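Just below sit the structures, each encoded as structure tokens.
Each of the next two complexes has subunit A plus one other chain: subunit B in the first, subunit C in the second.
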Partner chain A sequence: MEMIKIDKKDWNKGLDRSRKTYRLVGPVKRAGEDLAGFYELADKEHPDMGAADTVLSAKSVVYPQTEVMFRYTTDKNSPDCNRLKRPAADYSPRAVIGIRPYDAAAILMLKKNFDTPDYRDPYWCDAYEACTFVGLAVDAPSSTDFSTSTGSGPFSEKGLDVLLVDMAGHYLAKVLTDKGAAYMKAAGWQRAADAKAAAQQIEKKKKAAEALIVSSVSFDKIARKSILDLYKADFWDDVAFSCINCGTCTYVCPTCWCFDIQDESKGKTGVRYKNWDSCMYPLFSLHGSGHNPRGTKTMRARQRFMHKLKYFLDKYDDGIMCVGCGRCVRSCPVNIDIRRVCELMNRYGPDPDACAV
Partner chain B sequence: MQNPYEPYPVRIDEVTDATEDKSLKTFRFVFENPEDEEKFSYRAGQFAELSVTGLGEIPIGIASSPTEKGFVMFTVFRVGKVTSYLHNMTAGDLMGIRGPLGNCYPWDLLEGKNIVIIGGGFAFTTLRSSIVYMLDPANRPKFKDIHVIYGARNPGLLLYRDELYDWEQRDDIHMHITVDGTDDPDWKYNTGFVPTITEQKAPAADKDTYAIVCGPPIMIKFTLPVLETLGYPHDQIIMSLENRMKCGIGMCGRCNIGKELVCKDGPVFTLAQLNHTPREY
Partner chain C sequence: MLAYTDRIKEIARALLTDCRVELVIGFRKGTVPMMNEPCFINSPDEADQLVWDSNCGINLANYLANRTEKIGIVAKGCDSRNIATHIIENKIGRDQLFIIGVPCQGMIDRRKVNAMFDGEVREVVESDGLVTVRGADFEKSFEKSELLQQNCSVCTHRNPVIFDEMAADPVDEQQGVDRYADVREIEAMDPQQRWDAFEKLLAPCIRCYACRNACPLCYCPTCFVDEARPQWVGKSQNPVDVRTFHFLRAYHCAGRCTDCGACERACPVGINMRVFTKKLEKDCFESFGWEAGLSPDVRPPLDTYRPEDPDDFIK
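What follows is the complex of A and B.
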């Protein structure tokens, strides 16, 4: 694995050089917007590496909040009347600079949903395949970060092509994939670092960052409990008591992938588009008959936690659908904490490890 | 791999009123591109998304049988935006269908078995597909006794009435048509709710006898205990579910009943399978 040293004075130059072959995406705070977010950068714009901890996750890079799937005309005089056409979109190479390791890990979870043996969502997959993820390790985890206990972590390499570690005057870049090597070449960052020394420096910073993470979740016992026992557990009304079903948790979450499909016409033309949706909303599951299988807020809150912490775990046998970024904990207006819910679920009922007496 | 969200263009070939109150209509579609019909190769029990540009898509069970070539057929209840618009469309109009989606009834397992079909009201579409499929001369020898118990509130609300009365005349299928009530003095068939007729007419449970049950929740609620009393084990009671859907391919996340998705892992489940789910349908 190659280690490269990038002097910060060469940073913007390298980014600019890479623009010949890559479109750049990175964290920026734009005029008129309250929050920094991951956006495609304009020609002379550079990522604000100090703003990488965005309120919304970086999932929108491959999974925009609104995305046109098809265009159509309903003009009966047109030979294309009522035929759906996928509009051309730019799937040329994109480099996502400064994505946090937990967000990159989350994108791999989304991949399980959108790239399956049976079906491939072409919008998600085409965008994903165009991306090279140049991540930035987390030196100062937030107080709500519990990523180390979810299989991610502040220096996790999952889903990344390059991991950048900030060494004050320079970045150490750990090149993880061929895609990552190609990007480093395009940026002209080719100065090899002493691999052994660099690995030691990174390891030291990693240990220090991990030591700053003070909260964790355990789900070791959840896998061995039945879906129905957890579903019928007595704590759901309590968990959902303060929930206002605002959906903030699902919007800030890097692993929430549910979406809606809607048509919108203006005159005789229109679009069919995909929108982020949320299991917090009654309309999400409302039948045409008026019946709603998840008709109460408790049922909807339970669906979110059961999906993340049990259904996903059972379905893929690859951990929970949560990377521990802590965004939902920070953004929830009524202080619902997924760490507490996970603990309730893990502890619920008879301990599967207890000895029979 | 093709775009799974892109419907095949189809033309409406024929629209007929399916019930006397006209709340359901049956649509026959013909594929604009003959090769699409081959790609849309389906089995009885699957569904499709009907797409009306400008309004959206609706998931509807396929009512035609794979043995019927040259068209596909759907019977649609007028309930919302898309279905109301669809009810006003006419022969010759172009729209789209996407599919086939979901699993089918377990035909490989059902071969060589007695089949008891129990249906109520509008939920007879994929059951019609199944009956036509099984009665096809090439397929009929693969199944033993076939019983059909089908009821509606009154005779005018029975779907596919002409076919029902034709099947009634045949000796290779036992039809038990029923209505909740009727003032027609010439009504020749049963009167009574589906669970009651099931109790009276369904064959005894047997290791080779499978029930396929589709109907409104109230019918299901009272029919399942009857089948249990008759001794049907839960893995020989097959049901088809409905839930709100968008993508139909297991991605949009709304139709789950626990970890199973009705659109992709279903819509067909055995009662034994459903017993392990939260049954959020």
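What follows is the complex of A and C.
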């Protein structure tokens, strides 16, 4: 594994040099916003590497909230009559600078849904393949960060091509993939660091960051509980009471992947869009017949937690559908806390580890 | 204000012990600073969960619409006005409610406090009108009045307008408050400036509908933005549709909004959509001398017809 030392005075210069071959995306503050968000950077714009975490995750880089799937016309005079035309989009290489390790781990979770042996979502996959993820290790995790207990963590390398570690005057860059190496080359950052010493320094900072994590969740018993027991558990009314069924938790979540498809037509032309959707909305599960199998807010709130903490875990046998970024905890307008719900689920019913007497 | 907690617990416990209500709706302590969670309790043993402090900004009237039980509910000034509005609009019966009135001295603006510090705010403690904010490497104390939500700082109805029992003696109402300075600023703009200001205001909107759903007035079985047959509004991030949602939602609240601030407080991206509802609130006040929800017995101006209406258009 290659280690590179990037002097901070070479940082912006390197980013600018890489613009010849990469579009840059990174955390920046835009007008009217308290905190930075992930946006494509304008020509002279540089990512705010010191900013607090973004309110919205970086998922929109590969999965925009609204995306045109195709346009169509039914005008018989048009050569494109009755053809569904995917609009040209820019899938040239883009580098995502300063993505947090848990957000990169989340993108791998999204991949499980958008890139499967049976189905390949071309919009998501093309965007994903265009990306090089240059992540920034988190030195000072927030009090709502529970990423270490979800299999990610402040220095996690999952889903990253390069992991940057802030060493005050310079970054140590751990190059993790060929894509990452190609980006480092394009940026002109080629000064090799002493690999062994760098690994030790990174390990030390990693331990220090992990020690600052004050939140955790346990889900070790959930896999062995029956779906129906959890589904019928007596705590859902209490959990869901305060829920107002807005889409905040699902929209700020880096792992929520559900979308809705909408047609907008005018005269003989039209557009089909993909928009983020939310299982918190009554419309999400409303049938054409008018029947809604998830007709109450308790059912909808339960769905969100059951999907993340039980169905996903059962289906993929690869942990929960949550990277522990803490965004939903911070943004929920009524303080519904996934850490509490996970604990309730894990502790519910007979303990599968208890000794039979 | 903190002493209210004990009184609220006592009243709630008594109500449940005597079976005068089936549940009590109030707040329990939150898991992050400056947040409490709305909750219900249905047994006297649970009364100890209830709390009251300056982080109870969510409007509990939102949890009443169409409920059929007999309910005890904790209500500050604005909650009580929205309860009155619910009663007028037949969303709940007065006889179903036992209102535990809480005189209010304003709620802390969580977003404002978080934005004051570079590091994460880890703890916020209040005592005697003093609020101490702590992070990993900072600590600072403020007068509570410096940290209030904007709507609370100009509130003139801090005491509940209807109640069955008060948790404390009424507080003095704020006098000489200029309620509409912010609205006048927007009114003074020319149309282009105003358009630009609204565009900038709504640019971060992600259409999560937290503003709508936190609002006690928004209880339609199907909101106009969710209606599919016919579909009135597009669902993408197209700015036209985003604007349509915000403008129409505001008009639906005209003459009903109490400026409780629930919408702004709920917004995850910090949009002050209250500028829209407040303009309509101001118009209702200036045209009809109307403030919403002051009594459950007076019908609001926009759903009443009076032959002696001074305006010509109605004749």
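Here is the rule we use: the second predicted complex is superposed on the first by the 345 of 357 C-alpha atoms of A that agree within 3 Å, B and C clash if a C-alpha of one lies under 4 Å from a C-alpha of the other, contacts with A are read in each partner's own complex, and residues count from 1 in each chain.
The rule is short, and it goes like this: contacts are C-beta pairs under 8 Å (C-beta built on N, C-alpha and C of every residue); 3 or more make two chains touch, one makes a residue touch a chain.
Note that the structure is predicted; figures quoted are calculated from it, not measured.
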Message = With the two structures overlaid on subunit A, would subunit B and subunit C clash, or do they fit side by side?
response = fit
Ask   = When the two structures are overlaid on chain A, which partner does A:N82 contact: first (subunit B), second (subunit C), both, or neither?
value = first
Ask   = Touch check for A:V252: first (subunit B), second (subunit C), both, or neither?
value = second
Ask   = Is A:N12 touching the first partner subunit B, the second partner subunit C, both, or neither of them?
value = neither
Ask   = Just subunit B (first), just subunit C (second), both, or neither: which does A:D238 touch?
value = second
Query = Could you give the angle made at the Cα centre of subunit A by the lines to the Cα centres of subunit B and subunit C, to the nearest 10°?
reply = 90
Ask   = When the two structures are overlaid on chain A, which partner does A:Q262 contact: first (subunit B), second (subunit C), both, or neither?
value = both
Ask   = Looking at the overlay, does A:Q200 come into contact with subunit B only (first), subunit C only (second), both, or neither?
value = neither
Request  = Could you say whether A:V55 touches subunit B, subunit C, both of them, or neither, answering first, second, both or neither?
outcome  = second
Task = Could you tell me if A:R339 is touching subunit B, subunit C, both of them or neither one (first, second, both, neither)?
result = second
Message = After superposing the two complexes on chain A, what is the shortest C-alpha distance between subunit B and subunit C, in Å?
response = 6
Shared contact residues on subunit A - subunit B and subunit C = 260, 262
Ask   = If you look only at subunit A, which of its residues touch subunit B in the complex?
value = 69-70, 72, 74, 81-84, 86, 113-114, 116, 118-122, 226-228, 231, 257-263, 265, 270, 272, 277, 279, 284-289, 291, 293-294, 299, 303, 306-307, 310-312, 314-315
Request  = Provide the residue numbers of subunit B that touch subunit A in the complex, in ascending order.
outcome  = 1, 3-7, 9, 51, 53-57, 79-80, 83, 93-96, 217, 242-244, 246-247, 249-259, 264, 276-278, 280-281
Inquiry  = If we count contacts the way the header does, which residues on subunit C are in touch with subunit A in the complex?
reply    = 30-32, 35-40, 58, 62-63, 111, 114-115, 118-120, 122, 136, 200-201, 203-204, 206-210, 212-214, 222, 226, 228, 234-238, 265-271
Remark   = Seen from subunit A, its contact residues with subunit C in the complex are 30-34, 37, 52, 55-56, 65-66, 140, 142-144, 238, 241-242, 244-248, 251-252, 260, 262, 264, 273, 275, 278, 281-283, 329-331, 333-337, 339-340
